[in-house]
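Listed after this line are the structures, all set down as structure tokens.
In what comes next, chain A is part of two complexes: it sits with chain B in the first one and with chain C in the second one.
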Partner chain A sequence: MEPGREEVFFFEGNGKRLLGFLHLPPKGKSSAQGVVYCHPFAEEKNLSHAVTARAARRLAEAGIAVLRFDFSGCGDSEGELDQSDASAWLAEIAAAEQVLRAKTGVKQVGFWGLRSGANLALMHAQGRRDVPFLILWQPLPGLADFLRIFLRQSISTALAKGQGAKLTVKDLTKRLEEGGVVEVIGYPIGKRLYESFMALDARALPGELPCPTYMLTVGPPEMAPLKVKNWAASLQAAGAPLEALHDESEPFWDRYWRWDAPAPAEATAAWAVARGTSTAVAG
Partner chain B sequence: MDAKTAETAKKIIAESIGGELRNKPLPGNLKLIGNVLDSMAVTNLLASLETAFGFAFDDEDLTAEAFETVDSVLQLVQKKLS
Partner chain C sequence: MGSAVSDMNPSATGVNAPVTPASETAVEFRLDDRRVGDRGGLEGRGLFGILHQPSRPGPAGPEPVPVLMVNGGPQARIGAHRSYVQIARHLAGLGYTVLRFDYAGLGDGQGDFVGYNKAAPSIRAALDFLLSRVPAQGAYLWSLCDGAAASSVYAPHDARILAMVLSNPYVFSDQVRSQTYIKHYYLQRVMEKDFWVKAVTGGLNPFKVIGGFTELFRKAFMGKRKAPARGDATAANAGAPDGSFAKADVKEEVLGGVCRFGKRVHFLLSTDDLTAMGFKDLLLGGGETARLLKTGQLSYSEIAGSDHTFSTPGAKAEVCAQTRAALEGFSKTVQGRS
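Presenting the complex of A and B:
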């Protein structure tokens, strides 16, 4: 298949200079719809980068324009992580949507996210009627619990060195609540970020979906995300337009050696094409 | 600990380690800390055990001794389940 065209650029989003990566369909393929990709948090962003970049290219090859971007305080976008907050990231998704429309002329924009990025994509789309589709890769059951597990990585680091933990999650949480900064595996977390995750927690998995949604979960059966799968099953039972696929391969966002995962990209592109997000035209 | 619980816990340990050990049976005396578990794998292991068995680790559970070998992790799981 002919490779798509790509463009790297900065754009203004919610008062910050954000880095964007645009993946365009090959000439001869045009889409009325595009998709904004929302990356996961901290090290999961780095570890999943190769897989999600390849998936973006696969979607572009299938005729769907994709805009990936770095949230403020992340990657190469402006800002510091400890000054960031998830509510600002929601505003940046809205800015990215406008940029994708302006740069490609697509009439409709769907949203795709991985882990916490999937929850943010879902929150951004919630309540709207003009979002054509959502692609949720391994959404989190909750943001508060995720942050607890993230903070625990500082303890895991001590354990991996064969040391007892000098700090507890309770200590770290108290420090955040008092306005201090906690550094976890090189990522500085501040009060604003902590409080925004707590505030948005209740919206992580809503009771209804705004549009046709594709949910992909990955991992061996004994590590299946049960809360998320139960959430999806209850939505499906209520008639929500949700298609869910579980891929039993090794997760790709939390380990250093998993740089390729073609199955999720292929399955997602097949779903998107089957529901008619791309259209071949004379080029 | 019943055999099924032990098998599930061992699979989770193997999956958290990942790579070549992912599909191999793990000996109980396999040293984890300082050998095959890095900080990311420890984090994954804790979260996966919590998800699979429905308990939550307390801060005081997280000692280097508890994660020294496969058997010591199984003992910790047994303690959390009892």
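Presenting the complex of A and C:
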């Protein structure tokens, strides 16, 4: 079957010029539903880019229109990271959803995210009844701890250069709270971004799910995110519509020279097809 | 050659207000392999990029030659920590038209990644596209790491490339890596007080240190070793999926390429980067490159205190400044606009 069309474009989202990449299903497969992909944070986005582009192509082959986009201050989109924040990114997910509907005519839009993008996708869908499905790849246990661990890398960098021996994460957060910028491996972190991660932390893993959800965790068993697995198990015990899979392939968002993660992509596409997100039609 | 995909038309969807004034356009073009024959089914695959166009008129006089940025192997077109985005925006602010793109199999690029030394179809397609959008006869290349290796291999075969800025070119075969570690790590390490404190207080395992050094010395000076076994960590870390960076000929490919190119090449070299320092040793090590440095065809400058990807604001600013100086230097000898 001839591959579906792909289109790259800029669109306006929450007042910013954002980069979108649309994957359409092959000719002959109608797309009753689409999905918006939310990328992870900082270098994880860069390292996972080719993998998620390929996974999006697999979903499109399975009949699901996919819109990937870059948050403001990230990737090809407008702005710098220290001028962005996660609350604005939530508004941008809503804008991307509207663009996907307008460009494809799909009636229902699900959400798919990787790492912090998974948490944001979940937050965006929370409380809604019209979201058909969620795909969560390796959601974070929390946004606050994640950002603190991220900040710690700037201390490691300083130590490697023989600087900052007495610097702590507390010093860095104080600097952020006072309006300063902390550079972490090339990414500028500002007060707005820091405060938004702290404010949204409590919503990272909510106690209920709005729709059928597929959660995929990846990596060696000893690195399995226990808090996330326990969260999933408690939801399942309460009867939530959650299917969870752990794949023991490499955590591709944390590795150079990785282009593909076929097992997570295939498993996700199979789940989406099995729950009837696409319909083959004559043509 | 394919068509450009311009900005989304807000009125077509009815959901968006007009976008901010556009100096960046999302573009699509297609690989065209007819001139190089069958390259594994790449023909007709779509490639994607961002075209940066100056939003204000440049200074009076000839318009600047456009710049094509070739990304490094593991990176998407945005570059590590968005460095390609920021450098491209800076250059566009100076009046240069810049194209960033993903070659096949990288980022959004369709198809499979085939390695730095087989990137010719992708670079050619990008150059075709760029020169279809700008009234110019040629372009400059800007690239980092194995993007610089890819540029070096390709440039001698395309007369439209007028000059290149190559940052921290990747030439790390086993042999080069080992020689660089010995010179820039081990020899510096034994000069440090901390090393001897650890040695005297038992903080070092002498067998491990001697064993490690012996292995490096063997790789560095005992000639080519046999090809690494499948799963060998050295090969796995050596870059391209086919392990091509582990082959000893990568330095000949890159250095030979810049010499055969026959036009200006300026190297930006980070001082806190073993890749760059290893390359600098080769560049200054005599032979044709040393001769071309004297003639001015090749030149280099250093980004003091910078790591491999220029990850601090100061390093990025310095890269932008030194790139600008290099491009302005090129323009004195190149007339690329039609």
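A few remarks follow.
Keep this in mind: the second predicted complex is superposed on the first by the 273 of 283 C-alpha atoms of A that agree within 3 Å, B and C clash if a C-alpha of one lies under 4 Å from a C-alpha of the other, contacts with A are read in each partner's own complex, and residues count from 1 in each chain.
Criterion: a residue touches a chain if its C-beta (ideal position, glycine included) is under 8 Å from a C-beta of that chain, and two chains touch if they have at least 3 such contacts.
Everything quoted here is computed from the prediction, not taken from an experiment.
Contacts of A:R152 after superposition: chain B is touched, whereas chain C is not reached.
Of the two partner chains placed by the overlay, neither chain B nor chain C lies in contact with A:E208. Once the two complexes are overlaid on the shared chain, A:P225 sits against chain B while remaining clear of chain C.
Of the two partner chains, chain B is the only one touched by A:E250; chain C is not.
Using the contact criterion defined above for the overlaid structures, shared-chain residue A:G162 touches chain B, although it does not reach chain C. By the touch criterion defined above, A:R17 reaches chain C but does not reach chain B. After overlaying the two complexes on the shared chain, residue contacts for A:K170 are found with chain B alone; chain C is out of touch.
Legend: residue contacts after superposition of the two complexes on their common chain; A:I185 is shown touching both chain B and chain C. Within chain A, the residues touched by chain B in the first complex and by chain C in the second are 43, 157, 161, 185, 256-258.
Note for the complex: chain A touches chain B at residues 43, 149, 152-153, 155-165, 168-170, 185, 219-220, 222-227, 250, 254-258.
Listing the residues of chain A that touch chain C in their complex gives 6-12, 17, 19-21, 42-43, 46-47, 49-50, 53, 74-76, 78, 81, 95, 98-99, 101-103, 157, 161, 183, 185-188, 256-259. If you check the complex, the residues on chain B that touch chain A are 8, 11-12, 15, 18-19, 22, 33-34, 37-44, 46-48, 51-52, 59, 62-64, 67. For chain C in complex with chain A, the residues that touch the partner chain are 5-8, 10, 13-20, 22, 24-28, 46, 48, 50, 73-83, 85, 105-108, 110, 112-113, 239-241, 272, 305, 309-313, 316.
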